[in-house]
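Note that subunit A is present in both complexes that follow, paired respectively with subunit B and with subunit C.
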Partner chain A sequence: MIADGVEDEEKWLSAGIAGLQQNAFYMNRAMDSNNLRDALKFSAQMLSELRTSKLSPQKYYALYMRAFDELKRLELFFKEEAQRGCSFIDLYELVQHAGNILPRLYLLCTVGSVYIESKEAPAKDVLKDLVEMCRGIQHPLRGLFLRSYLSQVSKDKLPDIGSNYEGSYTDCESFILLADPELRLAIGLSGLQGPAREKEKREKERNALRDLVGKNLHALSQIEGVDLDMYKETVLPRVLEQVVNCKDDLAQFYLMDCIIQVFPDEYHLQTLEVLLSACPQLQPSVDIKTVLSRLMERLSNYAASSTEVLPEFLQVEAFAKLNNAIGKVIEAQVDMPIFGAVTLYSSLLTFTLHVHPDRLDYADQVLGACVKKLSTIGKLDDNRATKQIVALLSAPLEKYNDIVTALKLSNYPRVMEYLDNETNKVMASIIIQSVMKNNTRISTADNVEALFELMKGLIKDLDETYEEVDEDDFKEEQNSVARLIQMLYNEDPDEMFKIITVVKTHVMTGGPKRLPFTVPPLVFSTLKLVKRLQGQEENPFANETSTTPKKIFQLLNQIIEALSSVPAPETALRLYLQCAEAANDCDLEPVAYEFFTQAYILYEEEISDSRAQVTAIHLIIGTLQRMHVFGVENRDTLTHKATGYSAKLLKKPDQCRAVYGCAHLFWNDDQDNMKDGERVLLCLKRALRIANAAQQMSSAARGSTGSVTLFVEILNKYLYFFEKGNPQITVAAIQSLIELITTEMQSDSSTPDPAADAFFASTVRYIQFQKQKGGSIGERYESIKA
Partner chain B sequence: MNFIAGAFKPPCSISVTFADARTRKKVPLKKENGQTLMLPLFQNQDNIVGQVVIEPTQGKKLEHTGIKIELLGQIELYFDRGNFYDFTSLVRELDVPGELYETKTYPFEFSTVEMPHESYNGVNVRLRYILKVTVSRNYVSNIVECQDFVVRNYTSPPSINNSIKMEVGIEDCLHIEFEYNKSKYHLKDVILGKIYFLLVRIKIKNMELEIRRRESTGSGPNTYVETETLAKFELMDGAPVRGESIPVRLFLSPYELTPTYRNINNKFSVKYYLNLVLVDEEDRRYFKQQEITVYRLLET
Partner chain C sequence: MASRRRMLLKVIILGDSGVGKTSLMNQYVNRKFSNQYKATIGADFLTKEVQFDDRLFTLQIWDTAGQERFQSLGVAFYRGADCCVLVYDVNVMKSFDSLNNWREEFLIQASPPDPENFPFVVLGNKIDVDGGNSRVVSEKKAKTWCASKGNIPYFETSAKDGFNVEAAFECIAKNALKNEPEEDPYLPETIDMTGGQQQRSSGCEC
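Coming up: the complex of A and B.
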């Protein structure tokens, strides 16, 4: 059915165009033969095509444009006619003989425009008459096009009238004359009501019409002579009066919008009070928030366009006025959804930020007002409203590029309280992103406190109910928090320590899910502080409150302990080891020992997975090897334990590797008191035994002896210590090991393993290489036969 | 053959010419056969002066029992065709009985003739003025020649000319108030006015103003009334809202109006009405008719 409608419309349009062209042809012929009477007759017939009610605005526009072109020619003809002696007054009367009103008025406007141009009559009078006569068209669509035609043909003629006072007076009057019916007509748009099912179509038509109204108003605003004073004194009050009186919500909305879009920014600025005072008087259903938002948007852009205009804003106290008006509107429109109110505040805030970037108190005021409004309704569940709040809260961040400034807004966190959890998180992410993007240093504990208060949503679970959260999203969030923690920095260690304390307090509330993400950055950030302190001289005058590494380590201990509740023993273990190393660097033996103890406890009690155990034991060995702070006793205890753990690993190869790793614990190149060749050899031998056992187990279980990789690895260890000058590692031992490997490789039961073969081959090559290189090491190698 | 041919041929030709034919204004008049003739225009109490030329057919003598010229003002009602009612009848004897051998010219003059009524060509009635020349003969029929002329009478603007103002409506449906600036208009006048919509509850499609002519002929039971719509002038397109006022400006000059004639010799009347018509979307018509008086203003 609808398709039919469209087709029909096409048909009607083409029929209309055909009729129009035919009559236009006759009209042109009559004009060529200077036959005024016929020209008028056919032009009227031509214009009769515009009387159709069957076309949609777009189609009608197509028709109108054709008629418009033809009327241009007619206009020329009228001018020629006047030169031939036909007086304008006669022409003006003659065209009014047409029986149908629409063609009559088009012709009248055409003659009228020529008449004005001729200056034979005061433009004001002619225009007044034209506008008055146009009232005869009450049909919204046709009327709109007719008026559009009138303003188009008269517009370019008006400035010619003269620039003296008289002239501008005339212009103003003309403006009013044109504007009045224009407004009435727009009001009439609301009369375009049809059956409900055509609602969408109607909306579309209305939009098209609104464009046209806007265009007309725009044309009017271009008339010279409408200067600021006139606009302020006459034009705007008249227009607003009309708007307020029309009592139709849609029309009011269109018109306010048109006014705002059409007139220059500086006019709005100077007449802000008048304009705003009209707002509360509009119908309650008018979409006032959009109107005001657009106004503020325009003003913001205006302010942003040049700094020269800013004094104007101050002069007219734009902010105070807008703030007031918004307050009133919100008060007046009780039913306005919270979404609307928030939108308004958001626009106002954007405006303030653009116009008064230096006045944080203004921004805070806006947020305060918003909080007040929000407090009346509690938590938000309106999707759009929360979106707007996010926009509202993001605005200061974008403007200042600096969260520190935003943190000064005392009402900022209060607004956030009204967001639901989800949005709160989004907002927190935005804050973090802003920090990241701008590389903001947040350097005081107070700011950090405030910031974390804002990000509560990310830091901890806000309510008990368990929410299904996407794993990836959650990781993303927490990673960003982790990044943020790294951004906190202050040169002063005391302040930095405070910051860390604050962060810790917040992070600790995060619960088992978040701690694995947040604790490591915090620990490393703290360790960085330790490193800084370590570089400094010990301050002899330091009072008790000043930050010392000791204090920090205490704090670290607490932090890492928190992970046990998660539990995340592997992470905790690593962190302990890191701390131990840091303590080692600070020469704090008891602290380091304590950390190691913690790590061992974790290893014993929490890490049960054999693979994890392997990793852990290697970490422990590696760290322990580097520790130099321990006394002999402590060291013995720790190494002994580590060796013990190594021997107790589940899989033989793991055992073997851990044990030969332990060999390093007894040999530290840098420290002479830590070179215990005997125990190194012991470890290696033990490793060898284990490797043997592994080999046997393998042959027992699978019938093949398995790879010789372990032996080759042990050989490498032998060579390492041999090179380092361990007297316990003899050439004979190496020699026998090589033989053992060779035998193993040639035995039938062994499984061929190319990787192990290659490994062995390159080890042998290394020995050859060292031999050839000569020098002291080369000499030692000389006796090894490979 | 000559004899027979001669019997059908008029024995003479008669022509009537006016003394001021060259300078006198001529106006078109539509004849019954559809042709338009340009005829001299007179007004009440004009002197009608001219001459009659009678030219006998070549080589024949014309015997007559007297020649006269009559000025007649006639009203002809079409339902009573052929019966002329003469309200004016003046006679001038031009010649005594005798014989005419050659062309002869007779001057004539009717001075300050009373011609109170205007020439009028209506639907059912015609009022006309003629000059009728009659050559009376014995035994054979008289030779008659008629010359039409047109009479128009001018009046000065009326001293009292009130506006027409009226509020009409259908209860709770439509209330309008209309105003025409005068009640008496001359033929080239402009009707100015306004239509105020006080209450609109029906969907109006358009509004037009009609000029209607009502010609009533005869009297008593034999009265014939004929109404013609001379003009349809669209005033408004679309549906007005309450409080709207629509301007009226109607030029009368394009329409062929006559002045209002009231009871001309008890034979006929011609009256004019303005009919305001509102049409709603279901094509129902709401109208209100008002009489206006039309007069012929003395052109200066």
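Coming up: the complex of A and C.
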């Protein structure tokens, strides 16, 4: 049905064009032979094609444009005729013989424009005459195009300042305004015609036609005579009066938009009150939020264009007026969807941020009004509205590039309350990104508190219901929280401690899924604070409230303990060891011991995976080796335990490696009281026994002995301690180890292992090298045969 | 006498909202400039007489709405254009990026018979702003684009102080003049007897 309509229309248009072209052909021929009478006749026939009622506005426009091009030639011809002595009055009379009214009026307008150009008659009289006659066409489509033609051909002939045509502003104003009111009525009425099922089509047609109406306003704005005073006193009030009186929502919306777009910013600023006062008088169905948003957008851009224009805004109290108007509109239009209200507040906020960057109270006021509106409907579930809220809340971040400024807006978090959980998270992520991008330093506990309050969507589950979340998204967002935690910093240790305490309180509420992401950065941030304090002398004036490493370690203990609820024993163990080392650096033996104890408990009770155990053991050995704070007793307990754990690992090779690693626990190069050669040797011998056992087990199980790698590793340990001067490590022991390896490698039952061969070969090369070095080292190595 | 068709040269100015299309036209035709931004609604033209080789031509310069919502009737006025001017603001990257769309849209809608060789001219406007400090599209970049589209002539202009406007429009007019008439002259398919009768009755000798 619709397709048919379109096809029909195409057909009508083609027919119209064909008729038009044919007549245009004869018209041109007549003009070429200077035959005025025929030229007029064929032009009238050509223009008759415009009498059709079968075309939609766009198609009609296509036809009209062809006629228009032809009329331009006719216009040139009329000028030639005038040069040949034909008077315009005669021409003016002659064209009136055209039989149909529409062609007659097109021809009249054409002659009229040339007539004015000739200055044989006052422009204003001719124009007035034409305007009056054009009123004769009542059909909206044909009438609008005709008037548009008149307005177009006479545009550059309006009496205006500096123009060639005499007259005053009032003449051309009356011309434009005269042409207007019934047009608007026409556009309005055409919407009411026709059966209801065609309403959609009608709306579309009316929408297409609106430019013809808007053009009049455009023409008005181009007239130089319309200065600010004129605009303020006459033009705007009269245009608005017509807009209000036309009572058609579509026309009202469009015309308001046109007024805003075609007149300059300065005019709008100086007439804000008048313009805004028209808004409540429009039909309730007018999309007023878009009108006002566009006005504010325009003015925001104007404000942003140059600081020189800002005083204009202040002088007219633009913010107060807009704020007031928006309040009234929202109040009056009870049915306005929340999306609309939020859009308005968002535009107003952008406006005030541009115009009054120093007035945070204005911004807060806008947010406050938005909260008030939101409170009437509760949590949002309108997708478009939430998007607008995100835009609203992002605006201050984009303007100031500093979350700290936004944190001063008391209503900012209150707006966020109304977002659904998902959007709340999105907003929180935007905030974090802003901090990252601008490298914002958030340096007071109060700000951190406010910030974490804003981000709580990322910090904890907002309600009980289980939400399906994408694992990767979750990781990404938690990683961003982790990065943020690292950004918090204050020079003053006391304030920094407060910050950490605040973060801890928030992070602890995160639950088992988030803690593994948030606890480590918090621990490391805290350890950085410890490091800062560590070099300082004990403050003699320190009171109970001042921050001491001891106090911080207590806090750290609590923080890491939280991981037990996850559970994440491996992470916790690493963190305990880090803390132990920090306590060591602060010379706090009992604290360090306590952290080790915690790590050991985790090892014994929580870490059951054999690979995890191997990793943990090596971490323990490594940390313990570096500790210097422990007294003999504590140290013995801890090393004893560590060796015990090592020997109890599941796999023999793992046991072996852990045990020879333990040898280092008894030998610290930097401290003479920690060089227990005997126990080093015990460890190495034990490792050797385990390696032997491993070799036998492998031969029993597979019929071939395993690789000699473990022996070569142990040999390297022997060489290390030998070189360090451990008297217990003898040349003989090394010599026999080398022989053992050589024999093993040559045995038939051994599995070939090129890596082990290479390892051994380079060990032997090392020995040779040390020999050649000479000096005390060379002397030491001298007796080893390899 | 010369065909009236060839005495009228039709030029269309296209480009994003706010790049200065109206200002360029006003500067060229009326030698006037206003800093105030006023949106254009629909399409409208100004005319200017130009002289080439002792012949007088009327340049019909069509200024268009950069904002789509003010172009509700469509673009039937593209038809019969002799030259298309693409304008961007050298201080706004997006307006430069849009040139391609404007060009393609024009070629589709106006469907000239030889789109490959249809004359375009590109103007980089507002070079006066902030002493050139806020410029984001380099002359080189613009020229590279123009070269890639079949060596479109390129001008850097300032509608505000009139810089290069006259030269640009001279080039526009020359290119418009070089453009062949887009359609074959219309010829009635058959001798129209009714038309003939009408002519007789009006006393014409043809």
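Here, the second predicted complex is superposed on the first by the 688 of 786 C-alpha atoms of A that agree within 3 Å, B and C clash if a C-alpha of one lies under 4 Å from a C-alpha of the other, contacts with A are read in each partner's own complex, and residues count from 1 in each chain.
Just so it is clear, a residue touches a chain if its C-beta (ideal position, glycine included) is under 8 Å from a C-beta of that chain, and two chains touch if they have at least 3 such contacts.
Treat the numbers as computed from the prediction; the structure is a model and nothing was measured.
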item: First, second, both or neither for A:Q22, with subunit B first and subunit C second; value: second
item: Which superposed partner A:R73 touches (first subunit B, second subunit C, both, neither); value: second
item: Subunit B versus subunit C as contact partner of A:Q138, first or second or both or neither; value: first
item: Contacts of A:G99 with subunit B and subunit C, given as first, second, both or neither; value: first
item: Superposition-derived comparison: subunit B or subunit C, residues of subunit A touched; value: C
item: Contacts of A:E266 with subunit B and subunit C, given as first, second, both or neither; value: second
item: Touching partner for A:S564 - first (subunit B), second (subunit C), both, neither; value: neither
item: Touched partner set for A:N35, first subunit B, second subunit C, both or neither; value: second
item: Subunit A residues contacted in one complex by subunit B, in the other by subunit C; value: none
item: Complex interface listing, subunit B residues touching subunit A; value: 206, 231-241, 244-247, 249, 251, 253-254
item: Residue ranges of subunit C in contact with subunit A within the complex; value: 1, 4-5, 7-8, 34, 36-42, 44-47, 58, 60, 65, 67, 69-74, 76-77, 79-80, 186-188, 192, 195, 198-199, 202, 204, 206
item: Residues of subunit A touching subunit C in the complex; value: 21-22, 24-26, 28-33, 35, 37-38, 41, 57-58, 61-62, 64-66, 69, 72-73, 76-77, 152, 155-156, 207-212, 214-215, 217-219, 221-222, 257-258, 261-266, 302
item: Of all residues in subunit A, those that touch subunit B in their complex; value: 51, 93, 96-97, 99-102, 104, 132-133, 135-140, 142-143, 184, 187-188, 191
